[in-house]
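Two complexes, one shared chain (subunit A), two partners (subunit B, subunit C).
Let's turn to the complex of A and B:
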């Protein structure tokens, strides 16, 4: 074992393998649900042929399993691997297992309730749609389990700081800690929403719920959730990608600055999802809109820094001229299959990023709000850079923890290309269809895409068909990936090691600036709290002043309240 | 997975290509943003 490796105990090896394998099964169910969504919307099916149930049940398990469950598990697994590796310290395995079991039980509980049709509330679980109490309890266990996982890292981090006075914390650790600082602050609001509003209401302990307050608390959590998804991908972009490409990270300080900026700007932005909601003053919506432009800055810094890092790698590999380096990167090298997942995600994110800026532009949001443009946009973020980086990371981690050679590397390499082509086709269909007025969260197959319906919209059909073609290609890409992933899981290991000896391709910095002002989380957390208080206090006051009474619970199947 | 080749010849590296790429990306952002902006204006006409 050298300084580039770290030995994990058998217990942590088994836990992390479990944290990667079980969510991959749930991810597959969710992705199957995504394929069915395109079929429903095109009118090809009216009921799910395997799982049963309608469009909204499918939309719920597609969103919850892919966007909340899979992402949370991967973020925890990556932290459980990268933090001990980078700090050369061991996890407390009892805490790690407790957190893992809570997450697993919670996720399976929520998934079962959704698949039984008792929680058809979509991934935003907006009231007045009501789910079975076990859905809310399951989500709570998932979130609290993830909190516990991150608390397990704090003593290791503090101990390392004490032993390494004056040294910079490894960038990967800064990134993972940032991810979970944002996650912790953001999930406080959704925990309050679930524990004090939705759960008692779902159990029948209270009759009514304040819908606007619940939506506002949800989006306090819902937008930073995007950064909880993105930041583990950023950790891999900054820490792994330059090295895999054969180069160096152009600026270590840029990475640290980006993570601190995310702490500051990630949370006081949620109301830009509520531009069209009543009960919140326009001035506060505008303020959240301005902060949203602030949170675009770290992504722009990232775009330049990573491009510079890749230019360094490409020129080292013989690239000439202004753009010659782009042709020299290892896009199709089998042994560097991980690079494809990262670079394609970045390419997709160029288009996801500008879509986000359009959504956040206050008046422009009116053109796209609640249209198919919105899923077209967020598939270019969470189902683009996030999913691809997490898939690549999962395959890398499972190979490392189970000490197995990656199987079907050719499939693993081609999979993200097939998926990306499908994603662009699907998102183009959804976005342009959305601009023509095609709604989101609507079973167009039963209405606008049904020639027998008076709602039939001939000029949307081409875009709906594009989304089916794209969805099928994305599904094929994922199947290719899963062949490699499960082929690796079920292959024989040549190792006789009890634990796991792990290594990561950590990039060296080209510019290693001292950046002392970026070495402590505290000032940035304090600024974030001040901005949150300033931006959310008037919003919550507006909501409380403008709303009265509440709503009885409903299901999507009936206009009559459930009680 | 990484590449440990030497950094010979890279001492004076300046990311001119990355800068050009970044500027082109910003220009594309502006074009797409205004395309949507004029789409809204056309709806009000």
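Let's turn to the complex of A and C:
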């Protein structure tokens, strides 16, 4: 066995396959929900033709299944694959299975109560809208299961460090550990929100809840969640993409610096989602805005480093001149289908990143907050680079773990292109509609887009229709992908191996500096904690001082409280 | 770290500082700000509109499932309004089209923004936070009437 491969046990092989296949089924349900959303908004349908229920139920399972369930599973599966592979150490399979089962049970539980219409609270589950307690318990199991998966990696990492004094930790491991350090700190707040506030309140043990406090705790989690989505994609960009393109990673140090900067700046920024909220001082909102600019920096560095890596690859493949290398990259090579998922995601992220900086820009948020601009923006991040990288990664991993040749490679290659075209059309429609005042999370088909309604807004209609066209194309793109994914899953394996021998396209660095100051997480975690305390203490104090009374629980169907 | 990398890092930092300059400019020169924490306002449960000066008004608005109270506000052109918004039940959102007013209406808290209407016309405000089954019907209008000649 050479150093480019690692043999996983049969038990871990089965677990990781399960962690990839089941969320793909849930993702399909979620994406179906997404397609229906565009139809509801345009007034084409008034109730869901297959699963029943209204726009808001569909919006809830679209958000929860795609943005929370699918992403968490993939991050865990990628870590379960990359960390043992890079460190050449075995996972503790008991812990890994316990974590996997908790996540599976939790996700299915949450999905079932949503589909039964008992948790139409959207994926932000703001109180005082109340969901069935099983919704909160399901989400908790999913999060705790993912914690457990990462606890499994810590002793492996520490052991490796002990055995390899003076060596650099593989960049992919640094990236995965960073992802889960941020995830752990951020989810502490939402765990507190759920376990101490929402769950006892939804079960009737506590009467009232402080809505602003719950909301603030949610956003403590809600923005770092974005980096929990993004960072596994960054790991694949830094580790895989240069190698697949036929080049090297331009700077190893830049990669390490970027991950450490994410640890420092990912969390003390959540209040930029609450610029328009009461009970939080504007000066603290500005402070969170400044830190948000800090967290934009590693993404700008990433844009440079990855472009430089691709330029190196393109020139090696014969590209000439300032831009000639761009034409030499393997955009349409069937055997390098994975490259398309990564490069398209990066291209989309140019627009996603600009949109993010606009949203974070303090007063400018007034023009866009909670308008359709916002889903237009975040589909260019979480449903752009993140989704495409995760889909490409899932297909690659399933081929590796099940030891199967990828089926329908042509479909797999074209899928991200179809999807990307659809995504740009849909997001353009949502963003411009939003600038015209169209609200997000709103079933416009039943009012603003209905010519018979007194609320009819004629100048929104074109943009609403654009999002239908885009949505249909996105859906077709995903179906093409699923043909390839499930075609691969259900094909016959040529292997008679007990376990699975895995390999990853890990890039070599072009510039490789010792960067001793970037080798230890500890100082960066300490700085992060200091920034969190500084930025959140005044926010929480403001909220506690300026709010009055508590809130009884409500159902989305009645203006009368539930008790 | 090689030269081009250093240039890229510096330019990235400068770009962000430039954007930050834009925020400072908007705050100081254009006087546009985001809502802040207010503690000097008594909680209110019903809506009120009253005049506080020749061209200034105070409007206390209540959002509830699924309407704003008041849902239609008529004011003369040139009015400056001190706008207070709260919710009686769950979270709602309030944005006046073509104006720098975008406020979350949260139960147990009061949100505030001052706004001046210099252009006559109709301004739609639509609830923009999911507030239950009829959320998409929750909207209202501010009607700014043109200068009227004083009648007898």
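Following the convention adopted for this analysis, the second predicted complex is superposed on the first by the 563 of 563 C-alpha atoms of A that agree within 3 Å, B and C clash if a C-alpha of one lies under 4 Å from a C-alpha of the other, contacts with A are read in each partner's own complex, and residues count from 1 in each chain.
In this text, contacts are C-beta pairs under 8 Å (C-beta built on N, C-alpha and C of every residue); 3 or more make two chains touch, one makes a residue touch a chain.
Remember, predicted model here, so these are calculated numbers, not experimental data.
Residue contacts after overlaying the shared chain place A:304 against subunit B and subunit C alike. Using the contact criterion defined above for the overlaid structures, shared-chain residue A:267 touches neither subunit B nor subunit C, since it reaches no partner. In the superposition on chain A, A:336 contacts subunit B only, with no contact to subunit C.
In the superposition on chain A, contact is made by A:437 with subunit C only, not with subunit B. Judged by the touch definition given at the top, the superposed model places A:315 against subunit B, while subunit C stays out of reach. In the superposition on chain A, contact of A:243 is made with subunit B only, not with subunit C. In the superposition on chain A, no contact is made by A:149 with either subunit B or subunit C. When the two complexes are overlaid on their common chain A, residue A:235 makes contact with neither subunit B nor subunit C. Contacts of A:361 after superposition: both subunit B and subunit C are touched. When the two complexes are superposed, the chain touching more residues of subunit A, out of subunit B and subunit C, is C.
On subunit A, the surface touched by subunit B in one complex and the surface touched by subunit C in the other have residues 250, 300, 304, 308, 357, 361, 363-364, 366-367 in common.
Chain contact summary for the complex, subunit A toward subunit C: residues 54, 56, 59, 122, 126-129, 210-212, 215, 250-251, 253-254, 274-283, 285-286, 289-290, 293, 296-297, 300-301, 304-305, 308, 357, 361-367, 369-371, 436-437, 439-444, 446-448, 455, 457, 511, 513, 542, 545-551, 554-559, 561.
Within the complex formed with subunit A, the residues of subunit B that make contact are 1-3, 5, 7, 9-10, 13, 15-22, 25, 28-29, 32-33, 36-37, 39-40, 43. In the complex of the two chains, the subunit C residues touching subunit A come out as 1-2, 4-5, 8-9, 12-13, 15-16, 19-20, 22-23, 26-27, 32-39, 43, 64-66, 86, 89-91, 93, 95, 97-98, 100-104, 106-112, 124, 126-133, 135-137, 139.
Contacts from subunit A toward subunit B in the complex involve residues 243-248, 250, 300, 303-304, 307-308, 310-316, 321-326, 335-336, 338, 350, 353-354, 357-358, 361, 363-364, 366-368, 435, 505, 507, 510.
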